[in-house]
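Across the two complexes that follow, chain A remains constant while its partner is chain B and subsequently chain C.
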Partner chain A sequence: MLFLGWPLLWGGQFFHLIAEEWSPDRGLYGIFPMVTGSIAIALPALCISLPISLGTSFVAATLAPPPLRRGLLTMVRFMAGVPTVIYGFVAVFLLVPFMREQITGGSGLNILTASIILALLIAPTMIVFFVDGLSSVEKGSCLAVDALGGTKVQKLLYLQLPQALPAIVAGMVMGLGRAMGDTLISLMLAGNSIAIPHTAIDSGRTLTAHIALVIAADFASMEFKSIFAAGIILYVFASVVVVLLRLLTGMSMRRAG
Partner chain B sequence: MRRLLEHGVAIFSWSGTLLLLTVLLVLLGYLGYRGAGAVETGLIFGTIPPLDALLLRRQVFDGLFPAIAGTFALVLLAVGLAVPVGLAAGIYMAEYCRGRSRQVLSLLFDVLAGLPSIVVGLAGFSLTIALHRLLPSRFGPCLLISAFSLGFLILPYIIRSTQLALESVPPALRLSAPALGATKLQNIRYVLLPARLPAILGGIILATGRAAEDTAVIMLTGAVASAGLPRSLFEQFEALPFFIYFISSQYSDPGELQKGFGAAILLLAACAILFLGAFVIEQTLSRRFRR
Partner chain C sequence: MLLPLFVSISQSSKKGGGMRSLGKSVLCSVLFCFIAGVAYGDDFDIFAGQQGMLKIAGGTAHIPVMKEVAELIMTSNPEIRITIAGGGTGVGIKQVWEGLVDIGNAGRLATDEEIAAHKLFMVKWAIDGVGVVVNPKNRVTDLTGQQLQDIFSGRIDNWREVGGEDRPINLYDRDASSGTREVFWQEALKRSEVAKKANVVVSNGAMKTAVAGDPYGIGYVSVGHIDATVAPVALDGVAPSLANVKKGSYGVARGLYSLTKGEPAGLAKAFLEFLLSPTGQKIAMDKGFISVQ
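And then the complex of A and B:
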């Protein structure tokens, strides 16, 4: 991939591509709208998913009785295994008509719809991280809280949550990474129009969907090069996510040790 | 004030959990409700008798059989390509790799694991173009390239699970064979691998599930809406996830839509079975270690 993306970086066209707008008739193939589209879908998804995931992980880590806890965790891991395309497929026939008739009007294919399903998709990833963080708190401290007569909620709030903070941030980073990298949901639900989105009910196109949609036959065209620019951005983003995760786990390790 | 906060947190947590489970159940329930009527042998084999289709005596045109066969061949190839490499790399990472190169390699594998699948697809697509330029014959997107990219996608998961499995062998077990004079290789071959086989197998099954569900990669590297049964490695093919995506965007009549729902149920069932397999293996494993 670098092999084909190289002329782009070398020629200095890369930054043009990122910053410019997309209007083929004027010879402009910038992918700035897709960059904003990706962010505009991934961030709301994270915001919707975060409270739900936090709540679920609280329940799964501490609040529920142990058998229910195990059942819930299995359920969450099964959710992570449900094919993305199935979420998208069901949403096209269930959520999209609902959005169209009840809430947003228009075609129902918009950023809000995509964000909701994306939130569902990244929830299991975040929950697994959160639960790991919450339940890796030292046993002695947990027993101490129990011995002092603390309730489960108190244990959670004043002992586990502060200790698990790096794990929670790591889970958020991971969730954001998955949300940015997902192709099918935004391709099927976000509408794919190329414009910088202004409101939540605009339709937008993400970087990933852009790659999936543009399969141009002319290998030398700027249109074709733009998908490699999109690929490089995603690649760099994924690397940044991994490095961030590394730093965070390093931090929590040091704190534990 | 604090009491109020604590109650608030409890209520908030439970309602979050309920909301999540409700949404999941509604989505899957709707799928089951709409697709229940579609699941029958006609869905898979169309009007052809199942035995004829399975023995490749007659072509299936109006069923899902080609898509299922395509997915099956694809996953088999991808896992077949990825497992030997993944196992070897996992063993290397766990047993041989030390110091600086270990850090660099594990960072590299992490980046690979975090890569969006569409980027892997794009890489496969570039490979196709490169091959197209190098080789004189007509060489386009095909089954082999797809399987190769897909194998690349699941490789980091296999490496990571193998490595974790080997590293979690209890120290007493790890040291006993070398203490008796076994070489390192013998130790790995006769003690460590058999002891952790279920965990490694579980990792491979989960990776298989990922290969079966992924759509973005095959979309760029050779899946098409109608190609019939896969005839050779160098031709385009049909696949279930791609079929579902295709139906959702351009179905033409209710019958086709119904087929889409049927396909979604089949894919979900396949992934559920794989998940269940991994789960059962994990359970037997934890029981064995407790003993």
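And then the complex of A and C:
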């Protein structure tokens, strides 16, 4: 990617590309609207997904009786296995008309729609992380809380949650990475317009969707080169997420050891 | 490749009742494919005994057809290698007269000077027409060219202004690499700017799904793709139908041309003949173009 993207980096066009707007008819190939689009879709998705995932993991890790816990975890794992395109397809026929008629107006294809479905998509990943974190608290400490007469809720809030904090942060980073990297949901639901989004009901295009849309352009064109700029930014983002993840898991290991 | 499949099926059919009927039906379908292949075989006769390398470059709209045709030819005759590159109409014409490629694809007629100066030979093998479509619930069935340009540039943003309901217009556009968009942008929008807030979809199929699901949407698809799920909009009184495009009365269309330097010969000649054969024309129609036959 660096090799193919090198002419861009070398010519100083790279920073141009990041800052400019996208208008091939006028010879502008900037990917700034897509960078904002990616962030504007991934962050709200995380914000919607976090409370849901936390709540579900509380129930699945401790609060519910064991049979229900197992059922819940099975369902979450099943959700994680559903292909992305199914979520997108169902949303196109159910959520999009609902958004158009009831909430946002316009075409129903917008950042909010995409964020909601992305939140649903990244929730299982986060829940699995959270549940692992919450249930890997030392047995001795749990018994101690029980011996002191602490309730389940007290145990969760004062022992398990602080202990599982690194796992929760790791899950969030993982979820954000997935939301940022997902192509199909934003391609199908976000509308892919090239305007910089200003509100949640604007249509927007993510970096990944941009790559998917422009990949058919011929190899020598500037459009095609801009894909590499988009790829580099995504790659940098993914690397940052992985490094963060490593650091956080390292921290939690040290704490446990 | 067929033989191992055949063997494995006949083995599995020995195992028991359920498997046997399944095996038989698979066998039948395999045989059917084989027979269908033979029936199509006639058009490939022109490639018998041919061999070598054929280089093709140019218009991007041609690529889906070229790819499929090339695959079929290379499968039927492994001695032939065909490479296909994009680059656009300009590249196609330039490279064919420079002798860099054997066949150059163009989405427009080569100019008289180009033809005279380089002795180009041109074959038109399909027509690409693009029609404006709206949701079938929409009352608007006719727009002028100017209205269309105003709608896509965002100057008209409510259906009321063109005789529809009092609802905002949702624009659906294609990505810049789309051949369909190129025709639409040049011939219908006269190269005027498209509003940035337009939603962008990935294919003719996705465009139909989007417009079919959005009562206030407007988009455009290749004429070959128009069906009952969307309503075609007449442009300056002319409906985008296959018949009108063929007659030449519907303007948002262009021919798909392939050019050679001088009279085509050998492999290039066979390739162009195949494009015009029933099989070649059927592939072009499958990809949403209009047959010239």
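Please note the rule applied: the second predicted complex is superposed on the first by the 255 of 257 C-alpha atoms of A that agree within 3 Å, B and C clash if a C-alpha of one lies under 4 Å from a C-alpha of the other, contacts with A are read in each partner's own complex, and residues count from 1 in each chain.
Keep in mind that, in the parts below, a residue touches a chain if its C-beta (ideal position, glycine included) is under 8 Å from a C-beta of that chain, and two chains touch if they have at least 3 such contacts.
Bear in mind that the values here come from a model prediction, so they are computed numbers and not experimental data.
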More chain A residues in contact - chain B or chain C: B
Chain B versus chain C as contact partner of A:Leu109, first or second or both or neither: second
Partner chain(s) touched by A:Ala212 [first = chain B, second = chain C, both, neither]: both
Chain B versus chain C as contact partner of A:Leu72, first or second or both or neither: first
Touching partner for A:Pro51 - first (chain B), second (chain C), both, neither: first
Which of chain B and chain C A:Gly81 touches, first, second, both or neither: first
Which superposed partner A:Phe93 touches (first chain B, second chain C, both, neither): both
First (chain B), second (chain C), both or neither touched by A:Leu148: neither
Residues of chain A that lie at the interface with chain B and also at the interface with chain C: 92-93, 187, 212, 219
Chain A partner contacts - residues on chain C that touch it in the complex: 60, 85-88, 91, 168, 170, 172, 175-178, 185, 191, 193-194, 196-202, 209-210, 213-214, 216-217
Of chain A, residues touching chain B in the complex: 1, 3-4, 51-56, 58-60, 63, 72, 74-75, 77-79, 81-94, 120, 123, 151, 153-154, 156-157, 177, 180-184, 187-188, 208, 211-212, 215, 219, 227-228, 231, 234-235, 238-239, 241-243, 245-246
Complex contacts: residues of chain B adjacent to chain A: 5-7, 9-10, 12-17, 19-21, 23-24, 26-28, 30-31, 34, 107, 110-111, 113-119, 121-123, 125-126, 129-130, 206, 209, 212-213, 215-216, 219-220, 241, 244-245, 247-249, 260, 264, 267-268, 271-272, 274-275, 279
In the complex, chain A residues that touch chain C: 21, 23-25, 92-93, 96-97, 100, 105-109, 187, 191-195, 202-203, 205, 212-214, 216-220, 223
